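The first chain written gets the first letter, and so on, giving A, B, C and D; residue counts start at 1 in each chain.
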């Protein structure tokens, strides 16, 4: 499979919609661990992205340009913790997608691995710190391994999303070590990390997208 | 939750617009970014620029502290969310007068990343020297051994005051940073929350709390504290806060402090002065001298209920910064 | 209702004690009556003394406004209750420097009686000339034809400012009274309440209000207003308040005003600036010039929610009083 | 009957107790019409009086001195509206009681009439304004008339208290013209005036006192 720039933009639009739906749930998780705004922040950021997609980006065909604009727009609209984290992810992805109007399976693998590594580097968090890295690192590791084993992108991405889900779930049972919730100590146990959750939602949205939009993915 | 707002999505934009229009002699918005505000009067040539910032909802923090004797500019974030690097960079460019710019902000993951990115961009793209000093005054947020993991709360006010004065005295970037860091090293805060605030966009309380409970050591975004306890009298609360602070920083008989009793938003001044009364008693009993006191809403959390106590241990240098006059829209000291 | 207090019976005593200890350079308690507070620096010889006062629970009103450029002394009442003649008389004696004393207070039955009795005693027993000016700025409290029946709310701040400056300028008693009365004549306020405050001793809400309601024109002790209405947006509220004010006092294109957007206690500064934003728009549309704006908690009602808007129409004389610097514990203007 | 100074002081102590009992009710009435503090104010004032009764006034036998001290103490403790009003009442009563260690029926009649007139003069309110004057003026008028007719103090006072009660009840149906509640207009209808109520309570307490303490009333 391949993903055109318009496919990439459609995916981002589906993220926009998904975030609106999950907004309250993400806020609820953050209320228990942080300052209760993760859903609001994601919504502000993705609404800004939506605006760009419908305007400046409407005719842009360079997947790199699309991805870097998504990252920067998200960052400028939200700041906060997740702004630099997700923005760095999309900007690292953009390096892979630079000057490409179509992303092939290899590009997409590299894109998402770079995305995950970018977030980790920006936040300096490790697996087990109860952050989105708990979702993203196992996801990226599995994606690389599965691709090397099976060569089939959709199946490999599906494995990776399963690993992401496991990672996300694991945040329930650990004590937070990064971000606002790290001050909670034991009181953070039992609640799933909001960032780990939103990261999982984005990845699983991508899986769903490539499965159901084979028409758009060349 | 009842707010005097229009569309909750626009609260920060509309607040900033109102603020800039209310005080045109004091503050102006940069054309390049409407979350970038600077002193209406140009920063003096060769003065180190002082840049503050953080999430909105803490008013007077942070935009209220731009003015003579404090900050030269502020980057304004969304509610309880760090500003992005863009407005930080724009303010940096506007207030740099050749002597560099010092960023002052609280120790939050988001702020650390966004201010960090902006500092890199200022250095690489604009060739502006940037120094930083983070507030880590909240004793409740990490053990003593890990002071650099602590978050910044109301004590930021003293750090602004110290750095703002130092810059005004004509000190260079390194000196201003040194004094700001010393102010932070000498400052400890701790708070209690009695009622939550409500994020305008969600209408949800920032934390849950029973009718007869208080949250001890909560953060000023509603982050839970050390423990929930039964609501105590003002005296008992003051005892707890001051004792935890004094267990964390040694202040001996005869030494001087500046005191800040800070309201989180909806706590009346009456209550704050009742708390202050006990703080003063405890310090007096220990022979600690109060050099100057600030009582009121200095760094808030929308309509949150509760208060914090901050002590800054003074030496001659810090005392001079405390005495330095200030003229900001939301804080004036003669 | 959660308060940071000790025994609710002692809130006023403990607040005053905390206040006096927090600002010893500014304020002192008279030995003769602990509800009688005066400027720590002696009033200048031959300056007319400015005495303010009223119930507690309105902080910074009224004790927060004792200092250079404003009042020389304050008589402190119980919560929302006029002080008795005794502290008024003691302050009068302490601040009279031969030029007489002007009493400034809001038009409430209790204040009228107690200040009236004190004035009689000052005249008869102490031979001190006393002048008076009452604030009657609340347009919601009586029809236009009966302005002298109206109660005083946040507009009192402008009256203190005007009279305080006039006394500082060295004017005599009659002149200070004239200017204070002119300030009152030129000042109009109106407010909305969104949530009640709670009297410390009863723990009961000062008024009842539905989840989606606001009280239009309420008094700052929770006295009901003109009507209850559905909670509106900040813009609609500002429209209503400003329009009611401008229907009551003629301010024509090109004339200047001072603006005060006052919070009642628990309303965040964010909301106040959002309200201010619309006030400024309306005045701009009408060509009315804003000379200076004050936005914040100037006269409150414990933790009541809501705000008021005050306009003072300016002429040269009043503009000079607005410009006059002030240095009080709770309000400083350079 | 006659009332000794210690009887007078006992009466005041019973007022202290009664006010503690009625405090919440008086606040509730004031919440509907004013600022909700009338019970608190009365309690603060009468507690201060209680303190004087148990200390400075313990050995004082001059009924005038007792009454003036009660008035001044009440005033200094409360200020507010009712401070000057009730204080003026007790101080006017004190003029009648001056230098007397025992008050006879004539003194008592004059005492209470002076009390009512003093309140009215201080507040400049008329019957129908919805204030304590609605209780006090019919009370005083009836007391004078009944005394002149029957000569029997207890019966006359009983008539007067009935008139006071009627006056108090009448405040329910009228629009307030004085004090905080005067701004309410029509909205003040239906609620009984708190000051009219506390005034009635004091008068009816006196009736009850002279009825049940004939031992102390010489």
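Some notes on this structure:
Note that a contact is a pair of C-beta atoms (placed from the backbone, for glycine too) under 8 Å apart; a residue touches a chain by one contact, two chains touch by 3 or more.
In UniProt terms, the chains line up like this: A, D = Dihydroxyacetone kinase subunit DhaL; B, C = Dihydroxyacetone kinase subunit DhaK.
Note that the structure is a prediction, hence the values are computed from the model and not measured.
Chain centres were defined as the mean of their Cα atoms; on that basis the chain farthest from chain C turns out to be A. Between chain A and chain C the centroid-to-centroid distance comes to 54 Å (mean Cα coordinates, whole Å).
Rounded to whole angstrom units, the spacing between the C-alpha centres of chain C and chain D is 32. Taking the mean of the C-alpha atoms as each chain's centre, chain A and chain D sit 75 Å apart. Within chain D, contacts with two or more other chains are made by no residue at all.
In terms of inter-chain touching, the protein chains here are arranged end to end in an open line. Chain pairs that touch one another are A-B, B-C, C-D.
On chain C, the positions that touch chain B within their shared complex are 2-6, 11, 14-19, 21-23, 56-57, 59-60, 64, 194-195, 197, 211, 214, 231, 233-235, 237, 259, 265-277, 280, 293, 295-297, 300, 302-303, 305-307, 325, 327, 330, 332-334.
Across the complex, chain D is touched by residues 9, 55, 77-86, 108-110, 113-114, 117, 140-142, 149, 151, 199, 201-202, 204-207, 219, 221-224 of chain C. Within the complex formed with chain C, the chain D residues making contact are 24, 27-28, 31, 34-37, 39-41, 43-44, 75-85, 122-123, 178-184, 187.
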